[in-house]
Amino acid sequence: MDFSSDTSAPAHPGVIEALGEANRGHAPSYGADELHRRLRAALAERFETEDFDFWITASGTAANALALSVMCAPTGAVLCHHEAHIARDERGAPEFFTGGGKLALLAGSGGQVDEAELRAALSAIDRDFVHETPAETLSLTQLTECGTAYDRARLTHFAALAREAGLNVHLDGARLANALVSQGERPADMSWKAGVDVLTLGLTKTGAMGCEIILLFGAMRARFAELRARAKRSGHMPAKMRYLAAQALALLADDLWLSLAGQANKAARQVSNSLCAHPGVELVYPVDGNEVFVRMPGELAERLRAAGARFYPWPGDCHRFVCAWTTGDAEIEALNAALG
Amino acid sequence: MDFSSDTSAPAHPGVIEALGEANRGHAPSYGADELHRRLRAALAERFETEDFDFWITASGTAANALALSVMCAPTGAVLCHHEAHIARDERGAPEFFTGGGKLALLAGSGGQVDEAELRAALSAIDRDFVHETPAETLSLTQLTECGTAYDRARLTHFAALAREAGLNVHLDGARLANALVSQGERPADMSWKAGVDVLTLGLTKTGAMGCEIILLFGAMRARFAELRARAKRSGHMPAKMRYLAAQALALLADDLWLSLAGQANKAARQVSNSLCAHPGVELVYPVDGNEVFVRMPGELAERLRAAGARFYPWPGDCHRFVCAWTTGDAEIEALNAALG
Amino acid sequence: MDFSSDTSAPAHPGVIEALGEANRGHAPSYGADELHRRLRAALAERFETEDFDFWITASGTAANALALSVMCAPTGAVLCHHEAHIARDERGAPEFFTGGGKLALLAGSGGQVDEAELRAALSAIDRDFVHETPAETLSLTQLTECGTAYDRARLTHFAALAREAGLNVHLDGARLANALVSQGERPADMSWKAGVDVLTLGLTKTGAMGCEIILLFGAMRARFAELRARAKRSGHMPAKMRYLAAQALALLADDLWLSLAGQANKAARQVSNSLCAHPGVELVYPVDGNEVFVRMPGELAERLRAAGARFYPWPGDCHRFVCAWTTGDAEIEALNAALG
Amino acid sequence: MDFSSDTSAPAHPGVIEALGEANRGHAPSYGADELHRRLRAALAERFETEDFDFWITASGTAANALALSVMCAPTGAVLCHHEAHIARDERGAPEFFTGGGKLALLAGSGGQVDEAELRAALSAIDRDFVHETPAETLSLTQLTECGTAYDRARLTHFAALAREAGLNVHLDGARLANALVSQGERPADMSWKAGVDVLTLGLTKTGAMGCEIILLFGAMRARFAELRARAKRSGHMPAKMRYLAAQALALLADDLWLSLAGQANKAARQVSNSLCAHPGVELVYPVDGNEVFVRMPGELAERLRAAGARFYPWPGDCHRFVCAWTTGDAEIEALNAALG
């Protein structure tokens, strides 16, 4: 009963198998290998465009921070939700990679930026007023830190507002697959067609060993050379990059990534149902993916822990339960048994 | 006949096997897993000490730059050979991670720092003269960029000179295994016992998928918390770190790393013998590891390439041939055939 | 009727005179001059201690950012009020000088940090939780951005709370003189005796041409060498530093700085009285120094502007009137006339 | 007999007088004042163009580093002479301001870049080879650190070589006035007409209190907004900027800067003549400005010091004598007397 995080789950066996297959013979280093070429084709198909460039990292923090470093100048700011992973959980990575850029935090319930806050922040930008740091990028998160998903219309609307104000748009898609499945959307519609300039596509939480893809769409491709140079100097251009591409290929093949996300989402709905059927348990946010946030009596939390359930307390006086592709009937049954 | 680089070789099958074994069930993220605990014990045994802390990265550039970032202030400098990897091949990674520190370059033949140069640089340090950037760290490379090895006495002597001048000592051991084998030395004798404060122990070129270990010895352990925080914010604390530890364990077990390095070294000696037996070919540096640098007629280089040999031209009007753990009789025979 | 800012006022004539006197003959560069020695003595007398080191800059932004750069690591955060000058008006200077450190913003009315907010932020620090950025410094502002002053007890209390939590304490004293005068306090009591580790003592707004002194008290003196090196590399060690010391000496002599601050404070009280005597005008914050914040009918603001008054609109739907040492009866009378 | 540095000289009285005149009444802060407008016109006249933007700092280190920060990316390098002030005497300021850019050092005698070295460095640039740091800027120094001047043809030639290779060109003109006088050249011919994109025009050593002007010519004007933002966040946008403009105006008026440089140059020639007339004294570099480098018997150096002469030993086993606008007949006579 490990609901602590989707990052404590193992990789899907298909990923390990793919590493074994990638491990045959010599191959060019630094991304010039055959698997990278095949991955490009696979991404083009999934995202329904050829107008993109990409880079793979083994870390989500690196993928977000590298992406932002080519979107926002050292003298600029990134608008994001005050609970965003880039603001709260990455130890200053965006500030480090941008060379001292700022994050400007926006309020909003359920982990989603509030529209009035966004509009106010955008209209307050005065690029000629040298003393204040102008926002240059809007970074949204899909799923949000509260496990909710922006629906397509809202995502598209917010991206349009940002663009009108002269900002570019970043999407932290550490759990994008979960959102795609729950919203029934296609990758293109939740990214470049919605106005996203740069996407951080997370596969680690979905089922990879460590694989996050930065996609630069359209005009942002002009920054690819800079992205690559920054990846190099930050140690995110490991020599044997074929193993990163191999992971991505294994998960994109036959849309395994979406199947795994679907399994995790389904498990989360079951966890939510089980928990909420219990008196005194209250669901805090809609379950739009693989995360369940509930408020529950302390006595119950202790009982669950005693029964072997692992989960974290969370800001807002609640608890977070995360399901992974590994969460199956056994865990749900054990949870139900513990709930009594 | 791929002599282009040891990074184009695949991982040893034992490494992939270890990843499969590590892929069972859930495990704590961020280095709190069981494999990390076992790796600590394995490192303690190999390095004959408990007085160390360590961090694993997937990239050698990251390992070197992170190490230096806790050894040298933004207002300080790192002394290193002018051909050192950190100076020539890492796109400013040390400058980025240290926050703007400088590299001060030293001359010396065969990739090794010249003692007179080192002494002059050390005696020129004046920490009270605020205009100049004082060296705080000496970084040596083992094997050097010319494939040579510092012998133990020389390494120990240079480290002692640095320490007397108030510097700490970093060893870039991207190919340390090759040096250990060729010099017949124990890991402890080529690191902390020789006066090395921080070692970057490379395993990628030896046979890992991507695995470089930073070891902080003795007093430098006080900087471990800072190292970990800097690893986090630079994206070198991926969630599922167990797979990094698994690679290291597979290579340290039964000293597989040294066996593989020995194979590569042996192949290099054969390559060297084959090449040098040919008229007009001249060995440029001693072959102390798995790299061979020769000067050869352009016509011969073309002939070898036409026969399918891959190798790089190198500064100093020569060519570099690198052997990996995969280089075997087939490659040597093919090379001999091409040489005619 | 220029109430736009105290930085639009000229320097006090005594400052210019001091520059002329300092301009005699050759003098050592970089702070080794006689005037620096005399300034040290003057500061020791005013601050009733010898246990300090100091550095002068021509810019308040530089003084704050340099101070913070030796107080907070790149991996740490500075707690400050969300309207603090370092957060809102310095274009990311703290992030730049610290090498990517973060500012963590606290709420509070009247420009002053709210105690409950501060306590919550301090108790939330978990230095072992590597993902979040731990606060290392508390930065308070005296006068605040709303023109209010922390009284001595509150300043001392907040500093003690910070220290108990392991933080050091910075005071941005861009308008410290105004606070000292209005609170009737001695410099020592509002700085090191109150628990302030590093003070940025502003003299520019008081009457200098450009002169801000960073004072490191007690244990923070250990960071002076680093401060000096960082000043050098950031261009805040100009060659002819005697002219910075000369300004400070001129203002400290006979406590001219306090006299000038007193004049400005008195003028501010008069402006406040005049404005508030007018129907529909409401004082927004207490006038603890030389700044007056009022809410007023738009029609009145227009009328004042038409009569030649210069002042800025301010966040919170109000207007800011700043008095300088130059604000005298003529301005007050003109204001009264315009008010009708 | 102070020949230690031109920075130990006082400002010209006209500069102090100008500060007094600038000190009348209120004036807009941050460079929006009337004196800045007048300075723009004065610079346009001296440099025979309107196609420029400018920024003033009080520090030469800041001026150089700010200039380079808008010319070279964090992933790029600046080519400069190995003895250049930016490389040797600014404590890593270029690395700090560029966000971790590198300096690539070139050899050459007399402080001047060697043409073959420059050509080799330019032809080695491979922007597609991500591992190495490509040079983006050539920075030359006029006068050089050895007191020599590039003649116009050579400066123009080097700038053209750099431009052909895709680099932009920076000129560190800390002592440009001395070079202009000795070479009999006009400011335009030694800057933008010679292919210089960004000039750091030093006036401090010439006779200011602290005043260095960054001039962006032609296409580089597009980076002015970034330069201003970087100046702000690095503390080089002090509130009362009128006093910086006032200094520059005073020195440009009636070409006082060139007169003062001419006086210093003349004194240097006299010093050189006096020293070289003495047996055993050897001139090391041509005297193209206000600096004299000689090799002399240790006994003689001691005698001069005993007689009260101040001068510094210099790398290359020589001594440096610097003349300022203040160096007059009295100093020369005293020197002659000491020489005996």
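Order of writing sets the labels: A, B, C and D. Residues in every chain begin at 1.
Assume a residue touches a chain if its C-beta (ideal position, glycine included) is under 8 Å from a C-beta of that chain, and two chains touch if they have at least 3 such contacts.
None of the values given here were measured: they were computed from a predicted structure.
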Between A-B and B-D, the pair with more C-beta contacts: A-B
Maximum centroid distance from chain B, chain identifier (CA atoms): C
Whole-Å gap separating chain B and chain C, where each centre is the average of the chain's CA atoms: 50
Chain B and chain D: spacing of chain centres that average the CA atoms, whole Å: 42
Centre-to-centre distance between chain B and chain A (centres being mean Cα positions), rounded to whole Å: 34
Residues within chain A bordering two or more other chains: 74-75, 90-92, 96, 99-100, 130-131, 229, 232-233, 237
Residues of chain A that touch chain C when the two form their complex: 74-75, 77, 88-92, 95-96, 99-103, 105, 130-133
Chain D residues touching chain C - in the complex, by the definition given at the top: 2, 4-5, 7-11, 13, 16, 19-20, 22-29, 57-63, 65-66, 90-93, 96, 204-205, 209-210, 229, 232-240, 243, 324, 326
In the complex, chain B residues that touch chain C: 30, 73-75, 99-100, 127, 130-131, 225-226, 228-230, 232-233, 237
